[in-house]
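These notes open a run of structures that come right after.
Shared between the two complexes below is chain A, which has chain B as its partner in the first and chain C in the second.
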Partner chain A sequence: MNNNVGNTFFKIISAVIAFTCSLLLIAVLFFMLRESLPVWQMTRPLAFLSGTDWSPIYPPIQLGIGSMLASTLWVAFGALIIAIPLALACAIFLAEYAPQWLAQLLRPALTVLTGIPSVVYGFLGAAVLVKFFEIKFQVSSGESLFAASIVLAFMVLPYIVVNSESAIRAVPPEYKLSALAVGVSKPYVTMKVIVPLAKKGVLGSIALAFGRAAGETMAVLMIAGNVLRFPESWFSRGEPLSALIALEIGSAVPHSLHYQALFAVGLVLILVVTIINILINYLVNNNEMPRY
Partner chain B sequence: MTAINITDWNTWYGDFQVLNNINSEFKDKSITAIVGPSGCGKTTLLRSLNRTAELTDNFRYEGSILVYGHNIYADKAEDARRHIGLVYQTPVALPLSIQENVLFGPRYYGERKRDRLTAIVENCLTQAALWDEVKDKLNKPAFELSGGQKQRLSIARALAVNPQLLLLDEPCSSLDPLSTGLIEELLVKLAMNLPIIIVTHNLFQARRIANETVFMLNGKIIEKDLTQTMFNNPSNEATRSFFSGAIG
Partner chain C sequence: MNKVIDSFLIIIFWGSGLFLLLSLISLIAYLIVQGGSALSLDFLRLSPAGSPLGTEGGILPAIRGTLHLILIALTVAIIPALFTGIYLTEYAQPSFLLNTMEVLIQSMAGVPSIITGLFVYAWGVVQLGWGISLLAGGIALGIMIFPVMVISIRDCLRAVDSDYRLAGAALGVSPAYMLWRIILPQSWRAIISSILLAMGYAAGATAPIMVTAAAISSPTSGNLLEPVMALPYHLYILFNEHISLDNAYATALLLVIMLLILNSAALALTHNGTKSRR
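This part shows the complex of A and B:
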């Protein structure tokens, strides 16, 4: 084959594949929107988001996902609150303090953690954590958004650790050397120089972790408690959006209002994750980030 | 007066010996230039002097280094570094404001009084010949400065902890002639008060500012003399070749 023809052929193939991938995203959004269209015609988006009554099958039909949305936010932000300090400490340790042999042992271990199926995390959470709360606090059911947050925190931890560690290690060594040359301690340099320089990568890893936490289904479904009540606190039981879809889609009659409402829920979930990602990106780009 | 005494100084990175039996003295209130081909151990010698060499894994040393009669390897490394400023080749602005770059060391050492801090900032930036350029934007991020300004900021940062000694590792190698001139000028001024040791690849720079020059080759000090003498009448054959450009 002529080399030129080969080049052109390769270019076209790459372009088609790239285009198909972006098309897929648009197709998903379009499909979700089309399937849920009757819902948006029936209720105002704000009422859909803020309403706390969910009765999609029997009249009077009520389509409000406020309780589930709140549950999702509790669970996901809660997971981040628990995971971020632990993950950052872990990333700093790996990048700055761990002896080489230990880091080489821990890094693959973290990668393995990301590979554990979420149903296993859910199972462990239900068998160990939920039981622990029941025995320790003498409650009839240990399921709660808090318990789900803890399990989710461990699920997203490796993502934050691995990405933050790369960001910390990417800081050019001159910064560390110059800062240490003044005679200050290593922790001082780490907190005042290295971590701020790695902020961009760290925030990126947090955005990724939020997406994972908000979308995670199996583990939260097994631990969060699954009640359609508005969660007053982190320690209430609740049913996050992802769990709602997973629990109800099997029994929903195709093209019924119930079915369409679940697609609307899916669309909301995508939008929540997207909005959080955009916010974090905004934070990254509008901070005075040092160039190096 | 002698500021630094180096006795039987040997260093290794793993099995590789970098410095080989260095014995030398450096004078107070004067500039000493260290020159020599790449890989001859200039930077390692400089880093030995403020104990940053040991930040590299597998670093080992033998011998002693006295600064004003005090063995710096007897202290904690942080304390030794505090008293011996080191400015690196790459201009580095820490991810802080211009003012906080200067106060990086003093704040760590517990200086809290506002008027003291303000005085340190103005004093050090003035000594580093940067005050006039930045006095109206002390709270701006330091990474907005130019390369030459960042290098002067690095010098100000080093001065802020009152070092007894200032070391510079090719501080002008990435700077334009104008910034280089400014830095050379300020080094000459600073040398009225403290000893300065500068590693340089630029022989003209050594000639312009150094009172004494040290020529190193393969981890050893080959010759050390007044700069004038070194350039005009070196006693060693290797020195002669290096200064004439035959090796380099």
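This part shows the complex of A and C:
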């Protein structure tokens, strides 16, 4: 009987802890909303998102994050454009073509690539890639959203590879076997049968990578150029939302309008990323998550 | 489809796989070449010196700060993550509530780390009055690694062969007994290895500590309410303030070496175990 009591007790304890901890996301959302409330009473959300003037301290006070939002989107979509072809080819390679020994080298390599701190990626990007652009194109500053996209592409690549590979592996072998039995070549089967069947999982992995890229801070902070101007192209400099928060929160007086506006930025960022994450969850409807 | 396209595709597949492997190797090799000479014993043993601070001397306080931060993050995260992981796999019945909890935890894992930092800034640093401190940074890192640890612990537990659970249930064994005597003995290696990976994640995270804990210079004595130096933030400052490129390379190399050690340990644990996870 004593054992039974212990068992029930353990079950209740774990249920309470699990339930409480699940509410963490709600708590974070609540804090972002609470701290930014005066901003929403002052500006309409649409004006906040689309305005391109950011002057939270000196009058005329203007709270528009359009420039930073555009930078975030440029950087994140740019990273995806660069990463997707390479990542998909690599996922297909791992799932279908790589010999055992090479796959056993590549998998830990992918884990290491996801584990390398973003500040190291940012540092290498700034010290090597940005310098290279400066010398190659004879410009005074090689920092750009494009350079940030390249570095971010490397950072999200392993996530896409790992999740797409498991999506490709999840395709029942019967499809492949019967397609091969018809006599078409293996690359044909891969491209025309297997990849289309794994589409959902692959899309999920891409959406996840977008969330990562949009929220990444250190690499964009060090490479994108930190200019509060509307980025006209992929090759201009900019300051994504995450970099704006990281750069300004330390100097914002608590509970000043500046401070509140930065929490409003945080709210926008977390909403964008979380909505995407929840959508993926319904889209893919299985519980694959990246291993970092 | 014709042969040319086939062989072209195969070249692309092989090429991309090899490219990824080569880029990791060249990244590490480049760091060794650039940072190897500055990464000496003295660099690990001394405090930053020179003017501006960091041009000479070493990074001892930053190493200490990073270790303190990891320690606090693990203290904060391990117990709740274990209980949550165990609840999700061993106790909860499939239901709307369970599904919602999983979605919330997975979305939490996807929250940008700067937001986690911002949350702890509003709650710990400002509202509870901790100020920029080791405590706030450790908790921010703990919150950051918690959902990731839950997910990997859950997957480790789920990977245990379900025959054992069925056999146990058929024999009328209590869930707690099952857990301690059957499930955990088979999955502890994988769980420890996922904790090691989470440590690496916490060690390298910069954004959350940048807003909650980090200082350019601090004795980093271990006082909970004092700002700390930390390796990733130190690297950022060394490079961004143009203090010392050599020391920045050495610091980056040290971070990557730490990561490689943690990763190898994690790999060794799961591969040498009698029951490996995959």
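Structural remarks
Just so we're on the same page, the second predicted complex is superposed on the first by the 271 of 292 C-alpha atoms of A that agree within 3 Å, B and C clash if a C-alpha of one lies under 4 Å from a C-alpha of the other, contacts with A are read in each partner's own complex, and residues count from 1 in each chain.
Heads up, the rule we're going with is that a residue touches a chain if its C-beta (ideal position, glycine included) is under 8 Å from a C-beta of that chain, and two chains touch if they have at least 3 such contacts.
On a predicted model such as this, the values are computed, not experimentally measured, just so you know.
In the superposed model, A:I61 lies in contact with neither chain B nor chain C.
Looking at the shared chain after the overlay, A:Y175 reaches chain B, while chain C stays out of its contact range. Contact comparison for chain A: of chain B and chain C, C touches the greater number of residues.
In the superposed pair of complexes, A:M42 makes contact with neither chain B nor chain C. Contacts of A:L257 after superposition on the shared chain: neither chain B nor chain C is touched. Using the contact criterion defined above for the overlaid structures, shared-chain residue A:S242 touches chain C, although it does not reach chain B. In the superposed pair of complexes, A:G115 makes contact with chain C only, with no contact to chain B.
Shared-chain residue A:V184: touches chain B and chain C both. On chain A, the surface patch touched by chain B in one complex and by chain C in the other comprises residues 184-185, 188, 291-292.
Interface residues of chain A facing chain B in the complex, by the touch rule stated above, are 172, 174-175, 177-185, 188, 192-193, 196-197, 288, 290-292. Listed in rising order, the residues of chain B touching chain A in the complex are 50, 52, 55, 78-83, 85-88, 90, 92-96, 104-105, 108, 141, 143, 154, 157-158, 160-161. Of all the residues in chain C, the ones that touch chain A in their complex are 1, 3, 5-6, 9-10, 12-17, 19-21, 23-24, 27, 30-31, 79-81, 83-84, 86-88, 91-92, 100-119, 121-123, 126, 143, 146-148, 150-152, 155, 174-177, 197-198, 200-201, 203-207, 210-211, 232-233, 235-236, 239-240, 245, 248-249, 252, 255-256, 259-260, 262-263, 267. Residues of chain A touching chain C in their complex: 3-4, 6-7, 10-11, 13-15, 17-28, 31-32, 35, 86, 89-90, 92-94, 96-98, 102, 105-106, 108-113, 115-120, 122-124, 126-128, 154, 157, 161, 184-188, 190-191, 208, 211-212, 214-218, 222, 242, 245-246, 249-250, 254-255, 262-263, 266, 269-270, 273-274, 276-278, 281, 287, 289, 291-292.
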